[in-house]
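Presented sequentially are two complexes of chain A, the first with chain B as partner and the second with chain C.
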Partner chain A sequence: MSQGLAIAIKDIKTEFRTKEMVFSMLVFSLFVMVAFYFAFYFYSLSSEALEPLVSPILWVTFFFAGMFGLLTSFSKEKDRGSLEGLMLCPMDRSAIYFGKVLSNYFLILLVDIFALIFFVLFFSYDFNGNLLPVLVVVFLGTFCFVVSGTLISGIAVNAQDIRGVLIPILLIPIILLTVLMPSVNATSKALEGDIIDAIPELRILGVFAVIYIAIAYLLFDFVLEE
Partner chain B sequence: MKFDKRLETVILILTVFFVLLSIYTALIYTPEVREEDGWSAPKAQKIFYFHVPAAWVSFLAFGVVFIMSVLYLKNSLRKWDTIAFASAEIGVVFCTLAIVTGPIWGKAEWGVYWRWEDTKLTITFVLWLIFLAYLLLRGGVESENKARLAAVFGIIGFACVPLSFISSRIWQSMHPNVVATSEGSMSSETGIGLLVGVVAFSFLYMFMLRKRIAIQEMASKIEDLKEKIGGI
Partner chain C sequence: MPAIEIKNLQKRFGRKKVLCDLNLEAESGEFLVMFGPNGAGKTTLIKILSTLSRPSSGNVIINGFDIKEESMEVRSTIGVLSHNPFLYDDLTLKENLIFYSRMYKLKKDEKTLKTLADEVGLLHRMNDRVGQFSRGMKQRAAVARVILHNPPVLLLDEPYTGLDYKAWEMLTDILRKFHEEGKTIFLITHNVELGHRIGERLAILVNGKVAFECEKKNMDIEAFKGKYHGLMGAQK
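Moving on to the complex of A and B:
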């Protein structure tokens, strides 16, 4: 675990030296928000009409911005040739996975929080004191997304030419019903103020996070094998 | 070698026989469902004898991909990978058939082509997407890693199906539930029609799988020969 933490800290450190990935993820989530705003511009949505659209808009933004982060998490290492270095370290291969999960989780959560702020700004949305339950769902949903996404990212990085397209193609069908649906549902329920109602979805997310971690723990050695 | 050839002939004969038989049972032998029983399109229901076996073969094929992927990761023999690849391709074809025939019936019976609230439909669709992605992954990765990564994704993809099922159990299913109500509502003729269809499609799957594996093996043999003479 401490080895994983070391890798995560290394990743976050190198990221904050250039900030290029976090910055482009932030700009991207900003663009998605603006795009949504103008897509609904014609209807000049009132706050009641906006209500059912809040959680879909938020999660679509989170997922697409997050996919950007997943894209570079392994490809940077691969292109610099430092992945071999990591693999040569005297530690379990799954430590690399857990390290990547931690750093991706940190960076994507950061982007999620900024996306929430952009959303509030652009749509002049008021959470009415439901922000805390929404944040709980965002933390859990993003975690589920990152544990499955990091594994897929490790697979897709091997496809030299099409890796950019391959991550969404491999990841979306897998998370469609297991992460996206429960997260959106739970966020909608949390926005209505009854987080208790969202417990079945939260439980599903929790269970899937554990299952994906177990699958990754079992299979990640094969992903990195050379 | 001789045994292989004979086995193939037997499978071919059985396939042709059962496919012809299933055309007969589906179109002539099985009774039409009645409108009194709540069916709005009795004629269209005949597609059921084609739709269910196609869906069955696709699930069977994806199950085979899963098992072969596990075996490949265990001892990295190329034959497991070849079988997994062949099975995935055939599975996608049959899954496409099931996904196409479903809406044809749905339009007649429900009045709409597609119902997202239907669990079986949605999950079959997601499964189809997963294995399309599987084939794309195989196309995108260079050869030495291909088999291993595809095996990992094949396992994740197949494991995802029960997970999707759990997460969607909250929705109401509109799909005709064949298995659960078979004692009550399905007549024995319908059961026989369905069984013949499933057997016919399973033999067809076996035949196609063997052919696809043979083609794949030939292709890798050609690759080896090319390498030997120093070609590309």
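Moving on to the complex of A and C:
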């Protein structure tokens, strides 16, 4: 675990120096919000019409912005040759996965929070006073997204030429059913003020997060091998 | 006990056999140099020895540990240096060494890290980002990474690629020093003159098999070159 933590700290440190991944995720989420803002502006939609769309808008933004981060999570290590350096260290290789999960979670969560701020600024939305339950869903949904996405990113890392295509192809169907749909529903329920109603969706997210982590723990040694 | 023991090693990629019943031993403290043309299976062999790839069949024992059953123990007793330094350009040399110390669960204080950097002649660049280093300096920094955990066996895959004369000489001196310290060194190279100069025992890999093996003292450079070029023609 200490090695996974060291990988996460290293990733976050290098990311804050280069700002490659976080910057593109932030710019993307800003552009998505701008696009939605103008769509609403031109069609003169009322705030009542906005209400059922809040949750899908947020999760579409989180998902596509987060995908930028997941796309490069392992490929950067592979392309600069440092992945082999990590694989040579005397540890269970699932530690590499857990390190990447920690760093991706931190960075994507950071972008999610900025996306929420952009949403509030563009749509003058106050979350009906239910920001805290929404944050709970965002934290858990993002975690499930990151554990599954990091696994897929690891699986695709050796497919050098088609990596950029393979990750979305593998990720979108899996995420859509196991992360996006429960997260969107749970966020809608949280916005209505009753987080208790969202427990079935939160349970689905939790169960799938455990399944993805278990798969990664058992298979990551084989996943990284060429 | 041999430091490296390879028995009937085979590696296949689909139907293609890259290593075919390869047998080889390196005694503890020995400097073994392996030559071979492109496609002979040299890099595949190093990847298997360093547990980056699994053998299709056969046994490999390093320092008494089986690479299939005890891969973590193997990894803690080897140091791998290739043409790629495995370092992070956006971190300083010191940060890179601290990171790898953590990965090897070592407690390295400032003084030890400085000694290590001094050993490879990079003490004055400790706080510079590795991305600012020249190719030769990166390779020296990689040597510091490799010896961080003081491994008794060093596996070197074409570590001289892209080095200028000065860096080349410096790396050779460092390898000689390690050999004098009793480390087992397994070097893979194309460079016959270099390998013959620094190695103790020489082997030639052709078509995934050890086609020739000899003690350096039993064969001068010209005779060895003749043998090597003769065998190169046999590579499919």
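Going forward, the second predicted complex is superposed on the first by the 225 of 226 C-alpha atoms of A that agree within 3 Å, B and C clash if a C-alpha of one lies under 4 Å from a C-alpha of the other, contacts with A are read in each partner's own complex, and residues count from 1 in each chain.
Here is the rule we go by: a residue touches a chain if its C-beta (ideal position, glycine included) is under 8 Å from a C-beta of that chain, and two chains touch if they have at least 3 such contacts.
Remember, predicted model here, so these are calculated numbers, not experimental data.
Judged by the touch definition given at the top, the superposed model places A:L170 against chain B, while chain C stays out of reach. Judged by the number of chain A residues each one touches, B leads among chain B and chain C. Look at A:T178: by the touch rule set out above, it reaches chain B but stays clear of chain C. With both structures placed on the common chain, the touch criterion links A:Q3 to chain C but leaves chain B unconnected.
Once chain A of one complex is fitted onto chain A of the other, the partner contacts of A:E225 extend to both chain B and chain C. Applying the stated contact rule after C-alpha superposition, one finds that A:K13 touches chain C and leaves chain B untouched. Touching of chain A by both chain B and chain C, each in its own complex, is seen for residues 225. Note for the complex: chain A touches chain C at residues 2-3, 6-7, 10, 13-14, 17-18, 80-82, 84-92, 225-226. Within the complex formed with chain A, the chain C residues making contact are 47, 50-54, 72-73, 75-76, 78, 80, 82, 84-91, 95, 99-100, 102-105, 145. Considering their complex, residues 73, 122-123, 126, 129-130, 133, 136-137, 140-142, 145, 148-149, 151-153, 155-157, 159-160, 163-164, 166-168, 170 of chain B touch chain A. Interface residues of chain A, counted against chain B in their complex, comprise 151-152, 155-156, 158-163, 166, 169-170, 172-174, 176-178, 181-182, 185, 200, 204, 207-208, 211, 215, 219, 222-223, 225.
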